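Chain IDs A, B, C and D follow the sequence of writing; residue 1 opens each chain.
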Amino acid sequence: MTSAPRPTPDLDPAEQLGRYRAVRSQTEALAAPLGPEDQVVQSMPDVSPTKWHRAHVTWFFETFLLPELPRYKVFDEAFGYLYNSYYESVGERHPRDKRGLVSRPTVDAIADYRAHVDEAMVDLIGQRHDLWPLVELGLHHEQQHQELLLMDIKHVFSSTMLKPAYQLRPFEPSPLATPLTWSRFGGGITDIGAPGPVPASHAAPAADRAAYTFAFDNELPRHQALVPPFRLANRAVTAGEWLEFMADGGYRTVSLWLSEGWAAVQNNGWDAPLYWERHDDGWMLHTLQGLRPIDPAEPVVHISYFEADAFAAWAGARLPTEFEWEHAATASGPHPAVSGSAVNDAASHAFHPQAAVPHRLEARGRVGDVAQLFGDVWEWTSSAYAPYPGFRAAPGAVGEYNGKFMVNQMVLRGGCCVTPTGHVRPSYRNFFPAPSRWQFAGLRLAADR
Amino acid sequence: MTSAPRPTPDLDPAEQLGRYRAVRSQTEALAAPLGPEDQVVQSMPDVSPTKWHRAHVTWFFETFLLPELPRYKVFDEAFGYLYNSYYESVGERHPRDKRGLVSRPTVDAIADYRAHVDEAMVDLIGQRHDLWPLVELGLHHEQQHQELLLMDIKHVFSSTMLKPAYQLRPFEPSPLATPLTWSRFGGGITDIGAPGPVPASHAAPAADRAAYTFAFDNELPRHQALVPPFRLANRAVTAGEWLEFMADGGYRTVSLWLSEGWAAVQNNGWDAPLYWERHDDGWMLHTLQGLRPIDPAEPVVHISYFEADAFAAWAGARLPTEFEWEHAATASGPHPAVSGSAVNDAASHAFHPQAAVPHRLEARGRVGDVAQLFGDVWEWTSSAYAPYPGFRAAPGAVGEYNGKFMVNQMVLRGGCCVTPTGHVRPSYRNFFPAPSRWQFAGLRLAADR
Amino acid sequence: MTSAPRPTPDLDPAEQLGRYRAVRSQTEALAAPLGPEDQVVQSMPDVSPTKWHRAHVTWFFETFLLPELPRYKVFDEAFGYLYNSYYESVGERHPRDKRGLVSRPTVDAIADYRAHVDEAMVDLIGQRHDLWPLVELGLHHEQQHQELLLMDIKHVFSSTMLKPAYQLRPFEPSPLATPLTWSRFGGGITDIGAPGPVPASHAAPAADRAAYTFAFDNELPRHQALVPPFRLANRAVTAGEWLEFMADGGYRTVSLWLSEGWAAVQNNGWDAPLYWERHDDGWMLHTLQGLRPIDPAEPVVHISYFEADAFAAWAGARLPTEFEWEHAATASGPHPAVSGSAVNDAASHAFHPQAAVPHRLEARGRVGDVAQLFGDVWEWTSSAYAPYPGFRAAPGAVGEYNGKFMVNQMVLRGGCCVTPTGHVRPSYRNFFPAPSRWQFAGLRLAADR
Amino acid sequence: MTSAPRPTPDLDPAEQLGRYRAVRSQTEALAAPLGPEDQVVQSMPDVSPTKWHRAHVTWFFETFLLPELPRYKVFDEAFGYLYNSYYESVGERHPRDKRGLVSRPTVDAIADYRAHVDEAMVDLIGQRHDLWPLVELGLHHEQQHQELLLMDIKHVFSSTMLKPAYQLRPFEPSPLATPLTWSRFGGGITDIGAPGPVPASHAAPAADRAAYTFAFDNELPRHQALVPPFRLANRAVTAGEWLEFMADGGYRTVSLWLSEGWAAVQNNGWDAPLYWERHDDGWMLHTLQGLRPIDPAEPVVHISYFEADAFAAWAGARLPTEFEWEHAATASGPHPAVSGSAVNDAASHAFHPQAAVPHRLEARGRVGDVAQLFGDVWEWTSSAYAPYPGFRAAPGAVGEYNGKFMVNQMVLRGGCCVTPTGHVRPSYRNFFPAPSRWQFAGLRLAADR
């Protein structure tokens, strides 16, 4: 059995088209504040230029879907070389670390490319309801790149002295964060992974059907795991708590660190999270709204796995496993609507994690006494990214989606402030190498029973 | 609760002294074929010179035990700087990648150092029966370095055109390896980790007591895990099977590889295991007995995790998890005497893995129908090296032993042909980074039910 | 005595203003074909983005001249950090190899900056005739960057598969190049360096005065050197001759190469000049007019010093010293009008060196029987870049102009096809490190008597 | 005309044999204080292990001379691969930066190799008087490696905390150095290079003949150069003067430095010469006699060209050109006996430069009022290493001796405290890259008239 992504069932063509248009226009909205110069720059090998993201997600539809459209004419043959990300089986690619050298095609040409593909995709969706699984994969892929686009432009803007803002917005510090409390979970044999498929012949209630949304292949197969009893904190660690860790010599105390983490601290001169700058009157933070003071109540963000692990050791706790996290997130039945402070949540549009203050927690990913599970910050878990029992990559290029990254990566859970709304769920597994810091990653503490 | 290593119980002073002397003299026996020039060289950052190994394991006793001996006089204060490996809490160290620059102290001075410490240790063991747990840790530590010494000198000798042999021994190819067969395991909730401590007050039968030998902290706490049904191959993959993989384009077929593995293949130009050399009339192998032809029946060895994983994909199978491996190794009750073809097994002294031919299998780590579990080659598992539930590093320098390496490493099981006899057991967890190839690592195939 | 640059004497304010405007508008004309995306990219550390060049040359005037203008308001304080190139004494700088990360200020903002500074400079020139020496230095500095701008955008465009053209222009191969012949020079004690200053009180004829144009400090002091008899080729080495060198195994014959050159060949895989691409039907060349076939009659260009030296060895000749070159270029009296095929020569605008065919040679830097001395390709000499006897850098930031590069660089002479007209002269010393290839460098052969 | 090395004329076979034995046994004497472990280590790519030096100089005789001896049997074919340094035309070589990985052949085997070759060479010299030119080249080559051997073992011993001494010798500070004074030289057309050959038919007086000793090809052809008037200091710069430079912020004052030199200061954290260590009570110096305080009167040594140039700028002076240096060294006629404090000068054996105190200067390389020209420290000149007019490398492997290094190196003159006696002369040209510091290099100031 192969682990193909699981599509959302029973969408009619109009719903399909609506979803396609919503996701595609969201990408353009996110790029709108950026000039052509901004969209060209690659500030490190992990970062891609904005115009690359806009083209690459389009290339996905052109490459994997549009060959199904009779008489479709490829926009430009060279784009296959320039905008393939890592699909080795699709052919040669422009080197990843040299995406910032590509001045042509221009930003305008990329806009033309998107329009050309959109026109054809609208035709195709109208004609071929059966291709929805792959279309939906393409849309979720594009949503992943929406988050990357924001992570990446933040890094680009942080690379120069000017530190321009992506969005102008006055800074208001939060009230105090809600105090840290612990919830106990009994553990036991628990279901892990995306909920099972609804048999076509089965008359499931509508409410149940709604639970079976899209899932990536790495969330499958759903299976059982034995989770020992554990405790979990009610919210993410705050910037104020991180300042205490720093003040207590956290970055200089070797016994707190993994060996590889300590080497990273030494070699990179880390003494604070990414985007923190020491100024004469205290620490400042580069955000998508520009440089501003640290807010002690907000979740700490832009830390590596090494730092998350060291902080937990300092706090006399540990990171949760991904199974503990998922168990907690689903403990009280089908997961609630997942809102968080995600990027297209009209109420917030913060582009930065928000403090876990009591009035906000009601609305944000609360499960029992554990809150802030969804949105705000991706939470590092202590689990290495590995296939679930029975996982086998799907054949062909789409099978390259997830499985081939299953080594030397750690799992993060819950989404963050720039994850598109609707793109996260309890079984969602994000992953990054332990040293990475430019994603919106924070941590939540766990402990043995 | 902290995870201190678990000592072997109930050894009387004479037994303690006997073990101390046996291990210490084994190290000297392994270094005996090497000249002073051989003992200085470091052929890559991961490799240490022989004289460094001889001094470092001695430093362990001097640093962690001999302060307990009244009036002990430190041999040379500078050795603390030169021969600390990675105990950050003990002080500054000579840089790991520059161990090959240390010409002084000479090999003779290291011999004096060992004699000086041995004399004092004999005194201490006689006086302080209670220190046995730490003495035993030091001896197991020295046994690990006995294996490293052989791995390292093999790499040193492979670095020059001359390719000298560590041991002269005529090469005799094996008969055909036993055919590959599969054993089925039902899985379920299973005990993982070193067997529990024998309560001091408990009158356990001698046979049971024997089962409770030394264990490292990373094998603890013993706990339960849910293992799904699986199949396991009866023996390790052979060099002959690896030649088929190569002939079928294994090293050129991107779809078989993890993304990071493919990058390693490209960047390093890998087209065969480490120590294989293409000659006009076929592949040759550099061994501790010098250069000789590949024996198709012998286990393939000196492969990275990436290669093991790609081979398994090519074979339509996968690597076992470390829990599956341990479950199989203990399925039929207390594990058998673990012999393998380990280094101080007088019958073999092969310094190279031996073919799984029927007459040898009886004697080598057979558990039910699964053989060759112990000795020959370390077997890559698909499990990232992680703490067991409830693990907490012991306080102080000894706590740096294992926990701080628990990221970006994969677990290997079962010991190899240069593992000292008695040093391996079903719960033993070895670990290396995925790209490492200079350890004696091979693989065994697994599959879903 | 310090070696300050030598200004052109006796220009009236209107002439000064005319020169200022001509140079400044030429820069804008060169940038005009480039979009905002093109102007951001830095394809290697040696290359700067177009918009950086446009801003940096402007920063020179703002920093070194405009403090003299009463009430001048600095355009943006951050520009001092972003657009200082290497004037250590002026303050901190944005790292040179990270100029491609600067998306803001935008291309439009740079245009505003240029207009702001130009307005102020026009005022200043009107008020302060005495500042001309520094204004003229700024203009020659800007002309150097005009050449760099073209070298750099060529490299940027060559970095991607698309290989866009800077200028569209049909390719027409040349007739045969004029055959190589040798001219003999008797040598002896000869004057080297820019002609001496005209004493203010001296009634020099107008024709003589014209000879005393601007010179950089590194062309001074004028002094005597002893040049042995030598021979010099009548023209630069052609691409056709280079193809013979390649066909004869030039890039594979170690005895032809300097030791460091051979290492460069091995490490970089050089087997042809930069911008040459092997296609199925022969070698193609990336030019500022896009990709097109090699023209055997055109001068070879984009070669390192190592390649030039190896070719000369292969040809049984050598490179000229810079004194031999200058001696030849001035042998028949005051040098002729220097035209070459320089960038703002309306007749050509080739952006690529032109073949030395007979009818062109009359117009191109002929001195006696030696032609093509000026324009087309910078000619590598065998002279390391060193101070002339008596040279001492001028005090202050302007003193950093040339002297601090006087180690590990080789001198090139004569200008090239993208050197602005009027910017080159017999005493002009250009310099690059021996491995550099992105400048328009070729060679001319020399030999002992 | 090719520039072959120039042999010493008119030696009879007994003299030849005497010289051969003297040089060969001197190498063994220099290696005698070193154990096998010391002779294996390579502390940086530029350094070679002692046993490599001992073997390589022997390989030179075996490769270039012994094929002339009938029935000579090569000692070991593998040595040709291991001990070729850079003669590309002779064949493949062991990589230079991996010489420290070669544990076999052992030190004893190298001694056997030397004895084997010496026996054959004695035969050959007895039979073939005509081969002297190449034998003598081999001996001068071996003398160069005697100096390298000492430079290299000093670097090896400095690489570890123990800092062992090559030679035990109590430290005695010098009296005050003689004050710095200047000598004026009128310059003019002067002869440069080794004196011309004595025609075989010419009845030259014995005294003249003595002047025509061996010279390397890079000292030829002798030719004329035009040297402007200049001044030269009477002695080398002292460590005490260097301390003043440091105290005045020399290493932190950018305006003193070449651009590439300033980058080296920043990137390497240079704040003192190589082998200087800051201790609580002042600067200490690692020498071949171990660690000891700085002696202010001794010449500063182990500085790069960049540092020499910066010091000269700080002192308001400059470095001499190599022609100025040679002119001064030969100004008063045939050069005197060149003694210096060279390595086999029985009176000193200091292995470190000696202070220029008055009573020593009489005996040390005085020419007129300029003293300390020979021995003590190699003196950086401002001249890039380039061929003399008319130089052409000799054909074949011996032609690789010098010419192929003529780029990106600076010339040093005069020999140093570890240069073998008789190995230096006024025309001798040593050369190193500008950043190198492990040779015994210092400086002498020069100035314009």
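Everything below uses one rule, namely that contacts are C-beta pairs under 8 Å (C-beta built on N, C-alpha and C of every residue); 3 or more make two chains touch, one makes a residue touch a chain.
Predicted model, so just to flag it, every value in this text is computed and none were measured.
The minimum number of touch steps separating chain B from chain C is 2.
In this assembly, B is the chain whose CA centroid lies farthest from the centroid of chain C. In whole angstrom, the spacing between the mean C-alpha positions of chain A and chain D is 62. As a whole-number value, the distance joining the C-alpha centres of chain C and chain D reads 38 Å. Averaged C-alpha coordinates give centres for chain B and chain D that are 49 Å from one another. The set of chain D residues touching two or more other chains is empty. Viewed as a contact network, the protein chains form a single closed ring in which every chain touches exactly two others. Annotation, chain-chain contacts: A-B, A-C, B-D, C-D (touch as defined at the top). Residues 35-41, 43, 51, 78, 81-82, 94, 98, 100-107, 156-157, 159-162, 164 of chain A are the ones that touch chain C when the two sit in their complex.
Of all the residues in chain B, the ones that touch chain A in their complex are 86, 88-89, 189, 223-226, 228, 254-255, 257-262, 305-306, 309, 382-384, 386-387, 389-390, 399-400, 404-408, 410, 434, 448.
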